[in-house]
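Every chain is named by a letter (A, B and C) in the order it is written, and numbering of its residues begins at 1.
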Amino acid sequence: MPTKFWEAKAGRAFVGRLATGSDLVEEIERFCLEREVTAAQVTVIGAVRRARYAYYEQGDHRYLELQTDTHHEIAGFVGNISLRDDKPFLHAHATLGDAAGATVGGHLLRGTEVFAAEVMIRELGDVSLVRLPDEATGLALW
Amino acid sequence: MPTKFWEAKAGRAFVGRLATGSDLVEEIERFCLEREVTAAQVTVIGAVRRARYAYYEQGDHRYLELQTDTHHEIAGFVGNISLRDDKPFLHAHATLGDAAGATVGGHLLRGTEVFAAEVMIRELGDVSLVRLPDEATGLALW
Amino acid sequence: MPTKFWEAKAGRAFVGRLATGSDLVEEIERFCLEREVTAAQVTVIGAVRRARYAYYEQGDHRYLELQTDTHHEIAGFVGNISLRDDKPFLHAHATLGDAAGATVGGHLLRGTEVFAAEVMIRELGDVSLVRLPDEATGLALW
């Protein structure tokens, strides 16, 4: 797909924390569903008890799943909310740091368990971001 | 503590740079104190001369301090301002890259010395984020 | 240069995606030139086919260029737009994750090729960020 930009209006801003033991991805999606947030920018600072994440094999068009059961700090985070199958979908990538400061990172999956997480959600108004299959990349893109 | 979100109003936006040799955490907190910023989202792009950071031991409820005296690029950053002991407190996690591109990351501490740093502070209005001790995690949370 | 902050007004917000095969830095700068975005906060989530990045040698005042021709996820990103030589200039640092989750990071250069990239640009109004040579660091700073 070609490069494309949409102009958005600033929407609502939400700041919150996630319960210890909750699923990072599901908990943010649940909140967005409840408050009808369908397009937003999301950032998280905190730590996880374990992480499920992935690397996308660009040639094979499939996600390679990775995991760590060690506690990690969230040392970097970029995320957004769009609609996938008519529901708010969190697309998030994170960098995670361990007890020695060593880092790993990738595309966050369900199964990433929160120890503590402070979340910022900045809604984007006047845009409709709907994920649809993209043949060239094999991804669901807007 | 359970998951909880607050709706905030967009407040002031500040963009700035930090002096070479200044303490990254203290300098941002000093600015926020001066301008009475008590809730905000913060990001930084730049490089440090040395870093003091930490990993939180989730079982033992204590920070394990880490440090590097090598120059690093700030390759990822997530941060926020809230009130702790009645003063603006910067909670920031960062990923740092060295001359080979290798990265480390964690919770930034005082003692992280700026080489160059470009800072964005987006204030959150109509919310009060006050850090208080949380027994379950051992952290000061809002 | 001493610490300095400017108060900005919230400007336009743009959300977009970059074409597969495009140059991450050039494509964002081209869009900003076209829409006359001269000061902004930028974040990206996505993956790259290859990356050109750099580490700044703080003592020698020169960039050490690094590169990887392996596919990577963008696991962390901080960026901004300012004016350099009268044109929108993207200053961006990123953390990149490989198939094993291992990360590298630094200052992004032209030559970083997009596989998929979702971009948020938040314009800063009422400020003029113009990069000029800074003798102390050897960098072009605002």
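Keep this in mind: a residue touches a chain if its C-beta (ideal position, glycine included) is under 8 Å from a C-beta of that chain, and two chains touch if they have at least 3 such contacts.
Remember, predicted model here, so these are calculated numbers, not experimental data.
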- So subunit A and subunit B: same face meeting same face, with over half the numbers shared, or different? different
- Query: What is the size of the turn, to the nearest 5°, that moves the C-alpha atoms of subunit A onto the matching ones in subunit C?
  - Reply: 120
- Message: Averaging over Cα atoms per chain, report the distance between subunit A and subunit B in Å.
- Response: 21
- subunit B residues counted as touching two or more neighbouring chains: 10, 75-77, 95, 103
- Message: Which residues of subunit B touch subunit C once you look at their complex with the stated criterion?
- Response: 10, 12-20, 22, 27, 31, 35, 43-45, 47, 49, 71, 73-77, 95-103, 115-116, 118-121
- Residues of subunit A that touch subunit C when the two form their complex: 1-10, 39, 41, 53, 55-59, 64, 66, 68, 75-80, 91-95, 103-107, 124, 127, 129, 136-137, 139, 141-142
